[in-house]
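Scrolling down, you'll hit the structures one after another.
Here come two complexes built around chain A, the first alongside chain B, the second alongside chain C.
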Partner chain A sequence: MTGDLKIVLEFSAGAELLFDNIKKREITLPSTEKWTIRNLLKWMKENILRERPELFIQGDTVRPGILVLINDTDWELLGELDYELQQKDNILFISTLHGG
Partner chain B sequence: MAAETKIDDEIEKLRQEIQELRRNCAAKEKRLSELEAQQQKQNEQANAQQQQTSASSDQMLNNDDIARYSRQLILPNFGVKGQLKLKQTAFLIVGMGGLGCPSSQYLLAAGCGRLGLVDYDEVERSNFHRQTLHTEMSIGMAKVESAKQALQQINPHCQIECHRLLLNSENALEILRQYDVVLDCTDNVATRYLLNDACVMLNKPLISGSALQMDGQLTVYNYGENCPCYRCLYPVPPPPDTVTNCGDGGVLGAITGVIGSLQALEAIKVALGGLGGEVLAGRLLIFDGGRCQFRNIRLRSKRADCDVCSPKPMITQLIDYEQFCGMHASDKDMALNILPLENRLTVEEYKNEVLQRKHILMDVRQPAEFEICRLPNSENVPLKTILNDSYLQRFEEELKDEERGIILLCRRGNDSQLAAQHILQRFPQRAVFDIKGGLHAWHFKIDNSFPIY
Partner chain C sequence: MPILCKSNCGNKAVLKRPKTADALCKECFFAAFEAEIHHTITSSKLFRHGEKVAVAASGGKDSTVLAHVLKLLNERHNYGLELVLLSIDEGITGYRDDSLETVKKNRDDYEMSLKILSYEELYGWTMDRIVAQIGRSNNCTFCGVFRRQALDRGAKLLGVDSIATGHNADDIAETVIMNILRGDTARLSRCTDIKTGGSEDSIPRVKPLKYTYEKEIVMYAHYKKLVYFSTECVFAPNAYRGHARAFLKDLEKVRPSVIMDIIHSGEQLRFKDTVKKPTRGICERCGFVSSQQPCKACVLLEGLNRGLPKLGIGKKSKGDRMIANQEKEMALRDKANLVKNDF
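Showing the complex of A and B:
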């Protein structure tokens, strides 16, 4: 169907372990609604999140310690949960590392 | 038999003798380094007196400096000015592990003036694959002392100061104050918040590196106008059960090597005002060693309501960071205690009383760990497959037999409790036990030929 939203999801530094250990995937979201990061997170929880959800989501946002990047830019610069997804956007989820 | 005993005796004797020699050697090395330090101090004093009439030693390069640093001196953006600046800069490295070893090595080799090393810990065998300054000779020695010895061999002209302690709210400011640039080479969340807050309060740039498994991350905090601090990015600490350390998750030495070397690079750039390029402030470098991919992410600017770096901070003096994070300021695992005592077996009880009876021994470690070593009668049932209940199908037959005990085992006796707790919730009437202290206890109390890692 035309008008479907195609975006790329990427996971880094261990965040992929919660999503079948797949680091990069293309997904297609139906054009039936306006897609923001907020409902993308919900969609992810319902469709592709495999391990304990609390390790990824707390309330309606990501848990502390996960950075969200939209096209390589911190989502805080772009409206966070309210950012409206565009065709071919790249959304990257990074777990913060603490080891040394 | 007699011949075997004789060989055993001789082996034991040799082992003891070698150990004694090592101890002797370590003592002599220590004495030597003390004397050398004393000598260096005397020489420096003599030099200082001599140079009072001319320029002091960090105001000019001598012939040794010129020969030693020639390959960086001829870099257009570095030059004599850069070398002198480096000589006048004091760097503090917090954590002499996988990141601290390479970063201290490059900073010192490049000719930094003064280098401070902070670590409370001692050298052990599991450090060697990534902490490349420590050697077989330094097992049991303080990491800062072992690193100092190795570093002095690389460049005897720099002053190295050892701080053998666990950095905390009481001592951090006093130590950090003595240095210009701070490198966060630590291994835990609490110390990362502590260093961040202390660096904001003292206005010191902080070069922050981290690594785990095949990934690394690097950024510079507190450098330049709009650079966010650690708290701007992470106002709330992560839940403790989402934090993995190198001891549990593993890490490849070359990964910490990459990030540690880059920390030294950024520290030098910070000291020299950018070195004609751009310091990694306000950006995060992500290294995916599995794909050998570097990625540069643009970070947010300062958080207007940041608890520590905003114009009206809530935190104006250091707090209790272990309490704030709910985690200890080390990467050592703490013993969990969540299972009722009656569901816990000691290794002796297991060996003497349970082993002969009908039971399933589930080893809940990762398959890679199970492959390293295992008890002969154990089944590998990773914790994940217990928590998501997929073990129910796998052991459908065995579980029908209600007489059969379920024994849970892991490396140190923490995950085995989580597993036992989960199984007990489903089968409250069954005999479900974990083995206290896990395979480590097995090594120490039952069979010391069983490996520990």
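Showing the complex of A and C:
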């Protein structure tokens, strides 16, 4: 199984509530396609997003107000949806939509 | 290849600032974030040397970052403030229980004293019991009205000079939008004020994070590894605010400056003298600031205690009718009892 992509997904500040309340998980993506954040989100929606998908995904991107960090860096510096996933990448989703 | 920090420090940038679109490294972001709040505090003269300030602490991200930054700036710039944490326990099982643990952690981390005041102590009712009485539809009216006054009561108890709250730029922009949509000109004219209250009988409220974006607060908390609690009020997420927020977030995608622009618009609005402004006075029952007589908290409380929980939720005239009806019924019942006892 060479070429399969192993990455880590993390959720915090309430975003985990939409994903079975699991804060951190490792996933393996098949090497059949080139993986970007764009199709990762689609994969997440189809496979692990359990509750109220509209609170996480809007159109083909995350709902405004959800911050995305790729290896602890703001995805806005890394091409957002077009960022190409690398082995062992860590993708963190933080919700800002909950009370403060 | 990594993008470098805009301030030429040589470090790798970690975030794009929403306000300026600058790419900054962690250290330069911390410095800019803290310097801007310091600037807000000094340019708006929020505090005076030697004052005692209560930080309204909910355990959420805003108040956690506020407590952290105020402590840091107080020491760095020698504000000479005595900072204390003030928390309100609404008595919502599973919600406040967890968030109060976070506040206690703030207390230990920042070495500040902490006062927790419960609705139970203040009003004789917990939110759990209120919800059991009225159901889930209007409970946030109670939650909000009681909380607003609870901070005033707590501040008085602690003898502080002002209360600092964690309202951030996004919150304030949302509030402007909500007040416009509701036609609430009285609230609209004061919701952008960085300092409110402070007349002879009310304790001033200040908003040091007024110009701080939510994204930066969350990123700051993340990179500083501050622990905060995040769950929406379990009873009812504020649907109206949710819409305003989603609307703003959508606008921000096409116009990143929209948050500051809306705050600016709110600040610049002027109202005709013919627009009625409620006169802020003192509730004759409880003695706290109110533009109504008696204050909303006292009316809601009377409703709960009379077993008429809907009192104070609709129009005042309707409430008066409810009380009158109940008193008529009780008088009738008394009479009936008398008649019965005669036999």
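The rule is short, and it goes like this: the second predicted complex is superposed on the first by the 96 of 100 C-alpha atoms of A that agree within 3 Å, B and C clash if a C-alpha of one lies under 4 Å from a C-alpha of the other, contacts with A are read in each partner's own complex, and residues count from 1 in each chain.
Here, a residue touches a chain if its C-beta (ideal position, glycine included) is under 8 Å from a C-beta of that chain, and two chains touch if they have at least 3 such contacts.
Since the structure is predicted, the reported quantities are computational estimates derived from the model, not experimental observations.
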item	value
Clash or fit, chain B versus chain C on superposed chain A	clash
First, second, both or neither for A:14, with chain B first and chain C second	both
Which superposed partner A:64 touches (first chain B, second chain C, both, neither)	both
Which of chain B and chain C A:77 touches, first, second, both or neither	both
Chain B versus chain C as contact partner of A:52, first or second or both or neither	first
Candidates 239-247, 347-355, 383-391 or 419-427 of chain B: the single one with C-alpha clashes against chain C	239-247
Footprint overlap on chain A, comparing chain B with chain C	12-14, 63-65, 67, 69, 72-74, 76-77, 94-100
Chain B residues within the chain A interface of the complex	95, 97-100, 185-189, 192, 209-213, 215-217, 233-239, 241-246, 249, 251, 256, 284, 286, 288, 291, 295-301, 331, 384, 387-388
Chain C - residues contacting chain A, complex	2-3, 12-16, 23, 58, 60-63, 166, 168, 171, 214-215, 217-219, 222, 228, 230-233, 245-246, 249-250, 252-253
Of all residues in chain A, those that touch chain B in their complex	12-14, 23, 51-52, 54-55, 63-65, 67, 69, 72-74, 76-77, 92, 94-100
Touching residues on chain A, where the partner in the complex is chain C	12-14, 17, 63-65, 67, 69, 72-74, 76-77, 94-100
